[in-house]
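Everything on this sheet refers to the single structure shown next.
Going by the order they are written in, the chains are A, B, C and D; count residues from 1 in each one.
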Amino acid sequence: MPSSAGRFREVIDRIAGEMARLTDRGSPADYIPALAGADPGCFGMAVAEPDGTVYGAGDWRRPFSAQSLTKVFALALVLSLEGESLWRRVGREPSGNPFNSLVQLEYENGIPRNPFINAGALVVTDRLQSLTGNAAERVRELLRVESGNAGIDFVPEIAASEAAHGDRNAALAHFMAAYGNITTPVPELLTAYFRQCSLEASCADLALAGSFLARHGVRADGSALLTRSQAKQVNAVMLTCGTYDAAGEFAYRVGLPGKSGVGGGIIAVVPGVCTLCVWSPGLDRRGNSVAGVSALDRFTTLTGLSVF
Amino acid sequence: MPSSAGRFREVIDRIAGEMARLTDRGSPADYIPALAGADPGCFGMAVAEPDGTVYGAGDWRRPFSAQSLTKVFALALVLSLEGESLWRRVGREPSGNPFNSLVQLEYENGIPRNPFINAGALVVTDRLQSLTGNAAERVRELLRVESGNAGIDFVPEIAASEAAHGDRNAALAHFMAAYGNITTPVPELLTAYFRQCSLEASCADLALAGSFLARHGVRADGSALLTRSQAKQVNAVMLTCGTYDAAGEFAYRVGLPGKSGVGGGIIAVVPGVCTLCVWSPGLDRRGNSVAGVSALDRFTTLTGLSVF
Amino acid sequence: MPSSAGRFREVIDRIAGEMARLTDRGSPADYIPALAGADPGCFGMAVAEPDGTVYGAGDWRRPFSAQSLTKVFALALVLSLEGESLWRRVGREPSGNPFNSLVQLEYENGIPRNPFINAGALVVTDRLQSLTGNAAERVRELLRVESGNAGIDFVPEIAASEAAHGDRNAALAHFMAAYGNITTPVPELLTAYFRQCSLEASCADLALAGSFLARHGVRADGSALLTRSQAKQVNAVMLTCGTYDAAGEFAYRVGLPGKSGVGGGIIAVVPGVCTLCVWSPGLDRRGNSVAGVSALDRFTTLTGLSVF
Amino acid sequence: MPSSAGRFREVIDRIAGEMARLTDRGSPADYIPALAGADPGCFGMAVAEPDGTVYGAGDWRRPFSAQSLTKVFALALVLSLEGESLWRRVGREPSGNPFNSLVQLEYENGIPRNPFINAGALVVTDRLQSLTGNAAERVRELLRVESGNAGIDFVPEIAASEAAHGDRNAALAHFMAAYGNITTPVPELLTAYFRQCSLEASCADLALAGSFLARHGVRADGSALLTRSQAKQVNAVMLTCGTYDAAGEFAYRVGLPGKSGVGGGIIAVVPGVCTLCVWSPGLDRRGNSVAGVSALDRFTTLTGLSVF
């Protein structure tokens, strides 16, 4: 395998070709109309290397709804702002339950298991809102600066649609507020959270924006967003908790830290080597992109780059 | 035992005397300041006989916060308005879990186990609000008319205090709304619910207002609020579900249909014979009035009037 | 309604006639072959009055598998032998979960919610075995003496079949043993338990044998098996916990203390008036006899004898 | 960092020195007497490199009770014998619950979440027993051959003590048998399981025996125990599920696939580089060796060898 920049161009092209022939592609998320209309035939894959080189295949420059992919960036921002103290409010253990479950939250007194289940992501956004007064804008700014794409923005229709179907998240937020683990007023928090999730970006944007995870915490401009140890920690949480109730399966098949979203995107990290972003809107029953997981599986198989 | 009206005067006086000497009286509910200040030394007990005779002992004419006692009246109103169809929205089985638990609610897809746990009471108020546009006022009206006391009213400070500590109920309401089992907008529902719970009335008022349960559904004016079968059903739900996670214990010790509230009140029914209301603000760990349960236990022991 | 002995003969005959025309009768329990073969067309109903008068209709003299009906008798024996101390080992609250669930048992540290779910019945048999060395024989003896039928006996094939399918009960017993709440060696306990459950008796036998519950604890010979208070307590536990996850429904429809078994039998008590036993092998989805519940519903409707 | 064999000698010595000064070392497992007597002052650490070089520090040659470390070897044996079909009987997802919990097992119909919680390990041993007739001996044989130490053996006193306190495992086994997911008779299975767990070996033995995981499945003699893909999969399951309810924490702090046992041992893998085994009997509240986790944390910090 060549070590120069661009070394995965061929493998990416090959995978995109394979994915184009994939027949069982799952179905788009249908809990809000704005996502249900996505075309499961779409597929994009981008690789960002630590030096800023980015390339891809398929629909890799087409914006899609980032949704839960934004949770990685919100988490990184909070860690950069307040460090370890976040972990008194949210755990780092896999949840072992479907991603919306309230059961464990009650069992553990309002402390979510990890920052990537919805309850935990609400806590992270609550912290970011408390620390900055403007959680969603901070996430947008981070994506813009790291990707170099100033056009990345919220999609108000998506945010409104999420809010209109937001009873479960409202329940989670009020429930944690009852335990004192949410301090932002719940309506304000939900507005910030749904805005954050409505961000739209392309595989290219998100692979670049997530490059700090492959660069041990270093931003595009060379400054540190996270310490080396914190970057490693985010990767660890992604590996154990990043793909809903399929984290074990994802580790088993793909073997990389990864975070998926219901928009069909997945960010994955090969520490020190590259950050990947794949996208295809069709989901499996656990909410992960069918072609996305398959493409990452092929990537680690073809390159031998699994962390295991 | 004399069968004439007033036949329980002596036994009530005797019990009030015993309760005055009770040393371990529990502690008032402390989740809102307005209840925490109640004097656990208070004790009242009233008996209302089917012919409208009412008498009592101790603080039986002193108003207290009815809280969950209002759930019996809201349930009766909804049953009188829409009958059996309510039971598609709420079950009739004991909950087997502390009264606020979300676990079973999730397990059973947003259908609360029974109308007396908080989730179920929210569904009942949601129905009453949907059917009448004014749930709390309807409950107030029923209490006023049946008791003959036009002074029964809401306590805005109590309602406001409940709302300020209402995250858990908000969580329950949003959670059920996510399952389509709440149709009133959640903020409107919570306002109605907290108003309803803030009603203040005396043992005398509540024993009279609950007389329809001893009269097989017949109101004070001789008209039917409930059918004979429905009245029997409400009594059955009170016996199996009326005292939080202590329904078995209450059936075992007292042996009457009963409904308790965190204000320290308990309504109990001897079908065909009388309706009782006791009040003492000190609660046991399950949220039932210590002196109240004890007084009812003594009543059935002394009169032999348990349903078993 | 006549108050002399035999006063329910007509109503029983009428109900048996109605039940003969019932079309939807449920299906026999099929977890063991010995029960699966029962004819859902069978129906029997017997009434035992406090003076020992017994009569019935349909298959009221035909023996059937008593199964969980024996739990009432085992409970009464343990209460008569050690009284209140039993309640440190088993609760008296409805379970709020399907009858075999392990969840609440774990949540409550090996103390079953009540003596009628399987876990609780195992604790009762464990106590009876510890206190007498011969739990199953004691239950058989009680049934024989109270019914006057010395032919009541175990059915070894049923006991063997239960044992062959006994993994869930074995799991429950070992689980409670891990908490120190079972002291008999598990294999010995299970043998006793499955023997006890294999007892075969008729509606006539079981109504007579359960007469002490309508006689406030007094046995057929006039001696006390239970105190008045204990008899009342057993009735209370039957009402709140006697019909698996349908206790609320049973209270609501029938309104009497009752205990059902998967053999299709149900014992019900009208305190001070009579003990009933109905039998029909077809069960509903919660494990209660369809025709049995229906017959008892008709009985309380026709006689007005509900406790509510 | 030197790439020759023995390159971690200095770092191991340094860590052993640090661990000797550790003051808070936790407490040995006390659920069976045979483990409770272990000296928490003990500490051993061994590194086995792919070429068979092994070295260590502290008590690295002293045998200790392998306990759950044996689960890795049993899993590898079953995968080598029947491959993917194992995953129809046991999942690969983290459990999100304390390691003995029955709740999820019931929720998921007798299919354990992963092969490293007790329920899952029982399924693995059940498979190994079914496939070979001699599960415990096969595990012993694998350890002996791979480590080159023919003295590795069971400790009958440990096995007997586990059996005497084995009610919870018996409950798990019977519970899964009720779902048809255990086919070996439960007493036979438990005997095999407790024997397997009673194996005693040193850090040196276990690091060597686990070398196939760093060698992509290749045994000491050059033959394949597992395919490259299977070896990667075992590492993935170790990372996400190997340290009870602290897998996220372990990934976060250490960042290596690891499996711990209540005897105080931990096996960890740096794929392609080495297998480590640490041992110190004092456990934290989640059942992992305090000094063991700390030593591995130091190892990845000092060498930069975390997979993240």
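One rule holds in what follows: contacts are C-beta pairs under 8 Å (C-beta built on N, C-alpha and C of every residue); 3 or more make two chains touch, one makes a residue touch a chain.
Just so we're on the same page, UniProt names per chain: A, B, C, D = Glutaminase.
Fair warning: this is a prediction, and the values are worked out from it, not measured in the lab.
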{"item": "Chain copies touching (chain C, chain D) - same or different residues, decided at half shared", "value": "same"}
{"item": "Most remote chain, CA-based centroid, reference being chain C", "value": "A"}
{"item": "Centroid distance [mean C-alpha coordinates] between chain C and chain A, Å", "value": "56"}
{"item": "Cα-centroid distance, chain C relative to chain D, in whole angstrom", "value": "48"}
{"item": "CA centroid of chain A to CA centroid of chain D, Å", "value": "32"}
{"item": "Listing of all chain pairs that touch each other, if any do", "value": "A-B, A-D, B-C, C-D"}
{"item": "Chain D contact footprint on chain C (complex, rising order)", "value": "101-103, 106, 167-168, 170-175, 177-178, 186"}
{"item": "Chain B-touching residues of chain C, taken from the complex the two chains share", "value": "91-97, 104, 113-114, 231-233, 235-237, 239-241, 245-249, 251-252, 255, 257, 271, 306-308"}
